[in-house]
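I'd like to ask some things about the structure below.
Chain nomenclature is as follows: A, B, C, D and E, assigned in order of appearance, with residue numbering initiated at 1 for each chain independently.
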Amino acid sequence: MTLALASLLLPLGTALLMLLLRLRSGIWVIAASLGSLLCAGLALHEVIEQGVQTLAIGGWRTPLGIRFELSSLTAVLLVFTAMTHLLVAIYAQHSRHSHARNTDYWPLSGLLHASLAALWLSRDLFNWYVTLELLGLVAVAMIILSGPRAHAPALRYLLLSLAASLCYLLGVALLYGRYGVLDLDLLAQASEADHSTRMALLLMTVGLMLKAALWPLHLWLPAAHSSAPTAVSALLSALVVKGPLFILWLLWSRVAPVDMTESAGLLFALAGIVALLAGGWAALRTPLLKTLVAYSTVAQLGYALLALGLLLRWQQSELSVALWLFVLAHGLAKVSMFLAAGEMQATLGSKRVASLKGATQTMPVAMFAFAVAGGSLIGLPPSGGFVAKWVLLQPLLLEPIHWPWALGVLLGTLASAAYVFRVVALSFDRADATPPDYDPDPFAQWLALLPAIAVWGLALFSQPLILWLSEASG
Amino acid sequence: MNATWTNLLPLGIVLSSLLPGLLIFTLREEQTRLRVALNLTGVLLKLGLVGLMLWGVARGLEFRFSIPFLPGGELVLQGDALSLQFVSLSTVLWLATTIYAIGYLEDAPLRSRFFGYFSLCVSATVGLALAGNLVTFLLFYELLTLATFPLVVHRGTPQALQAGRVYLTYTLGGGALLLMGVALLHSLTGSPQFSAGGYLLPLLETRTPSLILAFALLVGGLGVKAALLPLHGWLPQAMVAPAPVSALLHAVAVVKAGAFGIVRVVYDVYGVEPVQALGLHLPLLALAAATIIYGSLKALQQRELKKLLAYSTVSQVSYITLGVALMGPIAAVGALAHLVHQGLMKVTLFYCAGNFAETLGVHRIREMDGIGQRMPLTMTAFTLAALGMIGVPPTAGFISKWYLGLGALETGQSGILLVLVLSGLLNAAYFLPLIYRGWFATPKAPWPAAATARAGRPGWRETHWMLLAPTLFTAALALLAGILAGTGFSPLGWSQLIINREFDL
Amino acid sequence: MLGWLSNAALALGAFFFIAGTLGLLRFPDVYSRLHAVTKADTLGLGLVVLGLCLRAPSWRAVVMMLLVWLLVMASSTTACQLLARYQRERDQAEGGDQDARH
Amino acid sequence: MSGASLYLGLGVLLWLLGLHGLLRLRHPLRRIMAINLMGSGTFMVMVALASRSGHNDPVLQALVVTGLVVAVSATAFALRLAVAHQAHRSRQRPTGEHEE
Amino acid sequence: MPATELLLDITLGVLLLILAGAALHGTRLYTGIISFIAFGLLLALVWARLGAPDLALAEAAIGAGLTGVLLLSALGRHADEPAQPGSAVRTLATLLLGVLVLILLLRAVLPLAQGPQPLPALVNSQLEASGVSHPVTAVLLNFRAWDTLLELLVLLLAVLGVRQLQPAGRPRPGVWPLLQAWSRILAPLSVIIGGYLLWRGSHAPGGAFQAGALLAAGVVMLRLAGLLPLLRWENGLLRLLVLVGVALFLTVAAAGAWFGAGWLNYPAHWSGALIVLIEVAATLSIAASLSLLVVGERQELGR
């Protein structure tokens, strides 16, 4: 557990140090995320050896104090967060187009990393409220880094995020009023299906779905993520929207009484299917490149929602492996897609998708990264998205009565194929290729390609990954 | 996985074209010599490795390479008789087409990208052929789609993009269906090794609805690439691609991948008895027959040479599905032999079409009058291949149609015999006028003697040697495959070996 | 006796508060309203504090309440002064020059 | 005991009033005030729960103190953001008409 | 329940609702903000009524005071927008939906009046081990210290967020000597009361947040009176002030983890002193952060 704490403290300490000494170079954050990655890796190794570890903070046991729990899933998430931060920090430091270099991006990204780690580790409802608030504020502070034009979407995002946190807090208050404890496992033992618990869970779910931009409450995401600087939108899409999803999953799979989960599961699954189609349709029609990538986030979260819904509906906990495989594969693919999109947008000088004509000639590596990441979003083998969809499909296809859900997954695949190949096909158009106004930055493009290659080959590494993710579903 | 050479050979065959391909991507446009060298080393290396594997299999060695991939389904590359036939076909034709492509794209732009994706395509095809289980087959099937798309849209013109989009909708849709089918079977039995009699027999009674749906999904997914009737729309439109692409990919690699997949599914996944028990072979038979007739009829109405050849491919490939669906051993031999013969003949026809277009700018059939005087050698190759397609002895086409006919009689499907005869007549109806135009019609205007840079006098210097040599080479191969059909190492002999093992005769 | 006296003081204080609020609502312009509120509320508070001191349990509480009363009185007078001054400045700006001279 | 349930009801009503205000109103300042009302409503529910059984529940009070500080820092940030947004918009369109 | 207390509660409740309604839906924005400030003060009264003195202090200083100043300064920048045309059908629909949700929520909330409450007893039993005698401070700075650390981070983040906005300078109004004189009296007073509140926190209602808010109010007062010089962000002291709270808390926690008994686990006989130390640092950084949030200029927040 001390390694996991170190993985949390390193970025936090560096951020405070950078603020105090007014340091502006990214080397510190790169070093901190590297250190944090190492600690997280060792923590994962430790968890595999000795199993789940818990820590009562300050020595006070659960009903009174706050409890940290390090399961193999949490360790994998810590590693994933550190890796993404490392990659995006290197991009922000070395890419010519990232105007996040001499701004407050560095301390903010350190704080984001620390609050995410705090969220993964904590198992206390109110503590989650504070970490959710931290995430919301950091995200807004980073969005407005790109100047005054990002103020309007940032303000809307902040207001909705605050309202969502208060919905969540009211739910926590109801649960505390009903059971008198705030810890997840104590609640799990004590929870029964009465009206107060149902209302509390409903309120918390509405709050969390709004913060995770899950389908019905996702309208703030495209404007916010596309107006943010490239490095920031990569972090937001890959990580920040996943925090509330983690809490939603833990809440429903552990605390919610059984007969409540059936109906909730059905609603989640239906919302997931609609998210896939609505997100795909919106991504297909938007003229702006970054908005397209943002809508694809909404669509891909539909897969995770579908997995969560079916997991709750049939009480089959191995579906949680599919849920977390989707989250990891989508995170890696989205980082690469946003970095590639940002590079192309900055070099070709226009926000529109139409400006990508002939991009395979003018910016071959960035376009290749976009296409490979898109391939994982569609779920083409041997990518991570494919393994996640494969693990999701297995229980679906076993009994004939579940086949309509498989049809939903098929439609989702075709929808995501539509908007990915809309861009890829356009980029092969050599008729009037948009010439880049100044020479593209090769290093940034290769950097964007790195996570895409990682997610493309994820299937070859899926055996141990599925093992680690499945342990945590208990 | 003990790393003996028998394990690494299949991987070596796939990598022998993958690694040069990735290297070619990084080359600048003007490094032609290095690119040609990389290409040729890749081709010759693969040829050598395939030869080695052929020698090994003949000596009874077992070639199997596998790494963990999915829970219950590893990534398996295995060299058995059926896969070797398809691998050797695609390797030989890749050699011919590489030389043809180098000649064809002498000073065209973006050649590094072209040859990079070209080698990726071949690696995918070879991987698909060597696939040891359904999951690996699915992996290479999808990679083939991704690798061929950039080649279809290589020219970057609006028509090419439109054709590319149509191509993608069909093939990605097919890929998704295949994925569903493979996932369905995997959920029932996992993905075991392809085995001679198939591994679904025990599930026959308990899981009939799932098996029927899985078969429909698999055939639907594979049917897109095998250009079965409702799913063939992409093939004629993909003719907008450069000639080498249409030659190797749309006559051999992509289309055969679909047909090869159907052969694998029927023989090595389901096995003959379960397919007959479930009565799935009848709709397949009807579909194949309908496609044959439809393809030939549409070919009759075409005015452009490449569109005509495309529709003839649609109908010819369905011969293979027809042979498989007849469920008889002789028909199966005919089908497998046709898989190779059709490849050789069709690639020759596409080379000739490419030569006509590249040298004299002839695209439409009306412009082919008297082309025989200007390009006699290409025209002879064209005639040989066309006669083969019609099924005139002693060409390879006749051999496979003959076996298919015998197979139809053997299984009592006399209606199919009628279909074969009718399609033979239709083939004659649309190929013979071309041959007549080429040799006997008088050209409207005298052929420009030294019009283009590639020009030359009729005979050996009628066009660039790199365009002429592959054409003649494949035409000769088609003829030899017909004449030497009886020998052991001919495509027919090899098919006989496979089917004996399959039906354990 | 003390109890009756503190109740009377509290009632009187409440009366002054109500008077102040009535003044606030009824008077026409800012200055008179300010005048009403400040005067009445300060007196009202003084009486309430007196009433509470009579009931107070310990001398410490009495001293605390007197300090509070002192602070509130000082702050309300200053606030009234500032508001009146601010209002005069605005009137001068709007009223042009005729009444700016005197 | 009925005092606590009165405030519980009042807290929920305030929370709902704030939520309704946030969804219906367009002016940023009013929306920020609406969110503060939601916060106050939630805190009222929590404090009412804290004061249910005679002696007060220190844990809940501590939570509300934390919640209050979080609320005020978020509100301050939202207000400064609204002011900066308004200043930017009026700089862009000096004629000062607001189409929002 | 004696009738007078019920009467008081009902009047407070009705007043709160009226003020809230006026704040949101009042015609003029200015009256809205004034009624919102009144709402904050009344809320402080309600917290006192519900037996939460810590909260009453915090609400009065933070909720009504600082937020009120922020709202008024924001009002200066916003032109008063035309009232929204509300269509009858929409209001009716929202009313209906609102009533439905209200009934659902009430059915969920009201039975909670008698829910189980194991924690207060647990807090009292562990109180003397926590190093402070006032239960709320014990929970805040020992039992759930991790929440407080994260909450200080939230405050720091708000300051960082405002830093990115590059707030325009505030037009200098004519500063009256009266205002300066009065703020010269009030400022030391707020320091004294702030210090008293801080010291009192360990055994009675009070503590870092309330003291910090009061100090911030004093700083705001001085700044508006123009007496306080601009402390630039480049100046190390200002940055130190803003960061000292979180930094000290973190070092104590980390030291506990590596040398002492565990993460955020104060050594037994040191916990009282450590808590006071952390409280002082927290008060300073809260005061600095809140004043920067309320009246921070571009130079102070700096780029």
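Methods note: contacts are C-beta pairs under 8 Å (C-beta built on N, C-alpha and C of every residue); 3 or more make two chains touch, one makes a residue touch a chain.
Since this is a predicted model, take the numbers as computed values, not measurements.
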Subject >> Neighbouring chains common to chain A and chain C, by label >> reply: E
Subject >> Chains touching both chain A and chain D, listed by label >> reply: E
Original post:
Which chain's centre, taken as the mean of its Cα atoms, is farthest from the centre of chain B?
Top reply: C
**OP:** Quick one: point me to the chain whose Cα centre is farthest from that of chain A.
**Re:** C
Original post:
If you average the C-alpha positions per chain, which one ends up nearest the average over all of them?
Top reply: A
Original post:
When A-B is set beside A-E, which has more C-beta pairs in contact?
Top reply: A-E
Original post:
Once you find the CA centre of chain A and the CA centre of chain E, what distance in Å lies between them?
Top reply: 32
Original post:
For chain C and chain E, what's the span in angstrom between their mean Cα positions?
Top reply: 28
**OP:** State, to the nearest whole Å, the distance from the C-alpha centre of chain D to the C-alpha centre of chain E.
**Re:** 12
Original post:
Between chain B and chain E, what is the gap in Å from one C-alpha centre to the other?
Top reply: 74
**OP:** Specify, in ascending order, the residues of chain D that touch 2 or more different other chains.
**Re:** 15, 18, 28, 32, 45, 49, 59, 63, 66, 70, 73-74, 77, 81-82, 84
Original post:
Considering chain A alone, which of its residues make contact with at least two other chains?
Top reply: 64, 126, 130, 133, 137, 140-141, 144, 151, 174, 177
Original post:
Can you name every pair of chains that touch?
Top reply: A-B, A-D, A-E, C-E, D-E
Subject >> chain D-touching residues of chain E, taken from the complex the two chains share >> reply: 1, 5-6, 9-10, 13, 16-17, 20-21, 23-25, 29, 32-33, 36, 39, 43, 46-47, 50-52, 54-55, 58-59, 62-63, 66-67, 70-71, 73-75, 77-79, 81, 84, 86, 94, 98, 101-102, 105-106, 109-110, 112-115, 117, 119-120, 123, 135-136, 138-140, 143-144, 147-148, 151, 154-155, 157-158, 161-162, 165-168, 207, 209, 286, 289-290, 293-294
**OP:** Can you check the complex and tell me which residues of chain B touch chain A?
**Re:** 67-71, 75, 110, 113, 135, 138-139, 142-143, 146, 149-150, 153-158, 160-161, 164-165, 168, 172-173, 175-177, 179-180, 183-184, 186-188, 209-210, 213
Original post:
Which positions of chain E touch chain A when the two form their complex?
Top reply: 104-105, 107-109, 111-112, 115-119, 122-123, 126, 142-147, 150-151, 153-154, 156-158, 160-161, 163-165, 234, 236, 239-240, 242-243, 246-247, 250, 254, 257, 261-266
Original post:
Where on chain A is chain B touching in the complex?
Top reply: 358, 360-361, 364, 375, 378-382, 387, 389-391, 393-398, 400, 403, 406, 410, 413-414, 417, 421, 424-426, 428-431, 459-460, 462-463, 466
**OP:** Over in the complex, which chain C residues touch chain E? Could you list them?
**Re:** 71, 74-75, 78, 81-82, 85, 89
